[in-house]
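One chain, subunit A, links the two complexes that follow: it is found with subunit B in the first and with subunit C in the second.
Right after this comes the complex of A and B.
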């Protein structure tokens, strides 16, 4: 293995400076106000919080997927003992700890379900659906409120512990410089991966797939995972651009890191397309009513155009856009495509959730923007709070030198 | 070897000069220096990729990515064209009601061929750009060069370079940090591939043509002997066919004559009317059992189970199987006869019974599925169906008349509503 020069970051700002003191608090406040507006906008006399619930679920899942994608990114780097990614890994570690705040933000969903502040959030809570559908009835062993709650608690426990573990180990290495900490994380990575794979699969079954209790797709978890990693990579690229624009980690993150993040993004865009098509083709070919019903809702009325839009906007266009080498090496171009993918990922989640709540029309409006702002602001309030307490790159990671001098061919 | 060899007139021509360096940094610096002086034809060898070396040597970026892209696009288009032509044009075959040419079904092949041709373009491109396969290169003459893939860094300056001079280039390389340099020449004896190898290859290639030629010949030639049967497909089964030899019996015939004293099942029971539907050999005109309303009901249920799929609920030959077959344009499908037209209408009940028992034309025998009494019950129901076509209001019992009237009134607006 070639020798790498000792990391030299003397002139680089590695702490989150430039943001005013109370940013987290202000964001928190904006989030709460947005939440209040969203509740007011989403209130219907006949159906209480149903419109709000749907929109909240979309935006909550959007940010959750980014945090989970970041957690996957961290575990992956340790699993393969990656050297190139050390300087961008801390951003992912910080994003992943956001899952702890998201656990709190899950409470509104649980509260609405438990207190029944709307017509049933999930159709399996609706006695009429259960009475009408034999398939849904048979699933009640799994789909019932107590077990649902227990599972949700378990998912957040696993994610929270994993995210905190990687964050704690990595930040304590910043001061101690102990290379054994890296070895600990590498040993934990395979276990983390298995736990992550199981929890994200079942969480997506619980929170997205069970919206239509009779429908089932065994690949659904992989589909959600693929989208989550796309979202997380896009978020990591934009985060790095934002940090550098703010004068932080200017030397630590180079064009080579952007290039590799771009390559991963391109790879996961294709992976998402592969999985999305795998799910679609089997349903299309078998043409069995209990499977096609889910796609029927998405091929009816205005949802047809959202589906076609996803095919082009989430796969074909960004595939061609991210393909050239030069795009991945120009910060501005890559930033544009990362933004594009983040929007496409949001539309993807919206497309997963909304047709159940609004099968005939696109209910997009101010409510969704308020929910996006609410969850986003509170999520980032937490993330910024965490980011302030540590350096923005792993200062004493044994592979930092390799990462700093990393070059693509 | 610190000194370059002196050129002797009898030695083979010099191909280039190989200089050894102690690490990637000096290698890169030397390459920069060579390029600054004006050398263009030189090559670098290192055990692992050295960042930036490509650039300081003044090489352009490879066009390989574009080649791979072209391969991928070709694969994509070829796959779509192939599937469109084979499925929709050359051999249209309707499967599961899907369109003959439908994108979802064609995506997997398209994707695979895209990847395949992309990968082949990458493989072929590398082979061509690197002049592979190359079995020998004069640089192999330098013993030290063997270390180029383990721990040593080399620069090789080509003698074709206009600035090349055996002494001056060697001096320059040493001044650029070379630990040693060495001339390498054309080999004294040109080693050739042994004649046996190309001869064998040609022979194998020629022999490889024989099987396809032979297949083509047997495919298109007319012969009296049976054709060769490489794929058996259960065509030859260990079973006895009519008129064959069997070692089991003394007379070696596999077809056995009736055993002395054996009687047929029908004959044992002796009820020819019930079992064969015959009365004194022509088909019977009467039922062998008393006709009851229970029998009619039973016949109707059995008819609905066994017959409706083809003959339709009312016996018009429009059952679901028939409808589907016509929808799918099944070439071999024959519409079942309507039970309300000749010749069925004129057939005696015994003949209807025989048809169910033995099957007729494409209709299979239902002997094994439907018991004797049920067959007769079905015949009775068929008779009722036939009669219903020519029924008048007087045939309807009093209670049902009222019911029919009410249906008639409610259906008044619907065309073709049957009373």
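Right after this comes the complex of A and C.
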């Protein structure tokens, strides 16, 4: 039986050092200031915070999708008992715990809905839409504020518990070295996957699909999932690069890990394209009004160019870019493509949300940047707080040796 | 080195990777175990019995096809409104079966899943035979099979072109691509093993025939280098095909506006269902094959355990699709769509629907229990039921949806004729005939690949 050598990481820094002590606090502060500016900018528009709400939802969903993609990555590694990914798994575990902070950051969305300011935030909250639309009325059993809130609480409960479970088990193995902890996580992984699949599907229905209450698509949950994994893999690559640039885990993460993460990223770029194509092609071909309405908004005016931009920027160009072996084995090149994919993923979420709010123009501006900074800084403030408390690789994972010695052929 | 036991093979210990081959395997014993099957002068009685039955069923298939061609497709149960009956159900069923072979040979290869080496060869063979069975049905379903070449877009004096907007044409392209790549992949991987059989041949005809197909393989370093490169490239090319073929098959239905057919999740849902049924067929074939041909040391319980986990996982994906379809049928607010689903569950074909749910969703849950995943006869029951369930799924999608569409005045029931049923049973005969011939004359396990994962070969 292949016995792997005991890893020698003596000279490797596996703790998050180098960041000044107050980084989390400063990030938190920047986030709050950015949020205040964003609210102020939104307030000045005198549209009952409609523009702010839309922009906040985009950027909130962006970071949520990364945390959820990371949670999927962690559960997947245990489900298939992967050995290669051990040293990059901790980053994903840490990112996934960020979902706890994102639960708090969901409160502004709920608050705005509860205050009833931006009635058309979700059109099904708007009495006029409900009165006008038979289809929206039909769905009120599902699309109503109390049930919506209960579901959201349930999603966050599931995600938070799963993320904490994998994080806790994995970090406690750092001290105890007990291989049975790995078995526990492997046994929990299938259940985690089922819960994850159901929650991410219905969360995407609730928070993105129901923006256009008449519209529906059975593949939508898979579409959001595919994009989330693309975002998470790109984030993991960039995180690894950033950590190594900062002088930590320099030996624990090798070029082979980048190569494999790059391959997975390429795979999910294609998977996203496959799902996006399936959805578009079937809606276009059948040409049923309540389905085409959603794409109509996205092929009218400037949104046409965003749609075409996604086809090229989220699929065709990165497909060719990530295809060569050399790209996945050069840190600089892979970093460029990971950044590219992260931007493309952001545009994808923007494209999912915004046409409902601004059908005729591209509202991109300072407001979006402030919201991005607000959610991003607060999310990373939390993530860094977590990262400081643990090692950045699973120090005593039974498959650490395998992860450090495997090679791509 | 001590002999590898069943316990070693089934270890769940995360500190080490389980050995994949039982006993005291060395290179010679692997060759011996596998080649013996193809070199034995006469086959076992079990093989002969199975072969005679399969050939008889195959003759029934070809007899029915002959009858169909002479009399026209009126001999089938297809009617208005159920224009697509058994032929399309069988086509989708058989195409789906093939997918597990490509998953094991291509996707698991890219994922470095070394356990695939013991089962990839016969899983790929299964793919090719399943595609062969599948191809027959749309071909005879077109009615005038003597002008089947009109399906191909070629310049002709009639200026007659197929409709490029029709998913039926995409099917022709997708399936023929799939058949070509699968065949190439299977054959390429077999070349070193064919050379082994050639080298061991004791009679002139065997030596010539195996030699012909071994393409002058000498096992030199440069040949191995090119072989590995070509294999990797074909694996990468075959991987998207696992997704594309059944996606295109799903387009046959989903591009229509018919409730129960038109839904956006169809492509990935069909792919998951295809892999689900294919894995079940792999288990159905592997359990008897490893017993009859003495391959238990190569195709171990761990392989079957892994396959059963794949069945459980893909069953969950199929269940997810069923659930989302139900939810969206209600959420979409289209009364026709809701009706289509209620009709499936409570209408005249409710027995088919609930048989499908039972076999595809409920029964595979038994694989949560280790006993079911690791007891051959128990897993065989589940695997066969999954195959029944996946056939029923296509029946429900095609017949239940078509029989009651928008206009109650055009509703109608479907009743298969004896030709329908004979052709379906006969296609199993063809499948098993081809498979039995494969087991008898070709290397059923990829010897060269298994040797590469033996413990003695591990550089560590």
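Going forward, the second predicted complex is superposed on the first by the 404 of 409 C-alpha atoms of A that agree within 3 Å, B and C clash if a C-alpha of one lies under 4 Å from a C-alpha of the other, contacts with A are read in each partner's own complex, and residues count from 1 in each chain.
Just so it is clear, a residue touches a chain if its C-beta (ideal position, glycine included) is under 8 Å from a C-beta of that chain, and two chains touch if they have at least 3 such contacts.
As the structure is a computational prediction, the values presented were derived from the model and not from experiment.
Asks: Following the superposition defined at the top, how do subunit B and subunit C come out on subunit A, clash or fit?
Replies: Overlaying the two complexes on subunit A (C-alpha atoms) leaves subunit C and subunit B clashing.
Asks: Have a look at where A:261 lands relative to subunit B and subunit C in the superposition and call it first, second, both or neither.
Replies: neither
Asks: Between subunit B and subunit C, whom does A:285 touch in the aligned arrangement: first, second, both, or neither?
Replies: both
Asks: Which partner, once the models are overlaid, touches more of subunit A's residues, subunit C or subunit B?
Replies: For subunit A, the partner with the higher number of touched residues is C.
Asks: For A:341, decide between first (touching subunit B), second (touching subunit C), both and neither.
Replies: In the superposition, A:341 touches no partner, neither subunit B nor subunit C.
Asks: Examine A:183 and indicate which partner it touches, taking first as subunit B and second as subunit C; both and neither are also allowed.
Replies: Once the two structures are laid over each other on A, A:183 reaches subunit C alone.
Asks: Of the candidate stretches 45-53, 207-215, 279-287 or 369-377, which in subunit C collides with subunit B after aligning the structures?
Replies: Once both complexes are placed on chain A, subunit C clashes with subunit B in 207-215.
Asks: Both subunit B and subunit C contact which residues of subunit A?
Replies: 2, 274, 281, 285, 405, 409
Asks: Considering only the defined contacts, which subunit A positions touch subunit C in the complex?
Replies: Where subunit A meets subunit C, its residues are 1-5, 81, 83-84, 134-135, 138-139, 142, 179, 182-183, 186, 190, 193-194, 197-198, 201, 205, 214, 216-222, 263, 270, 274-275, 278-279, 281-283, 285-286, 288, 290, 398-399, 402, 405, 409.
Asks: Applying the document's contact rule, which stretches of subunit A touch subunit B when the two form their complex?
Replies: Result: residues 2, 274, 277, 280-281, 284-285, 287, 323, 325, 405, 407, 409 of subunit A touch subunit B.
Asks: Please name which positions on subunit B make contact with subunit A in the complex.
Replies: These residues of subunit B touch subunit A: 24, 48-49, 51-52, 54, 65, 69, 96-98, 104-105, 107-108, 111.
Asks: Can you check the complex and tell me which residues of subunit C touch subunit A?
Replies: On the subunit C side, the touching residues are 8, 12-19, 110, 112, 228, 240, 243, 247, 251, 254-257, 262-268, 313, 316, 320-321, 324-325, 328, 331-334, 455, 458, 460.
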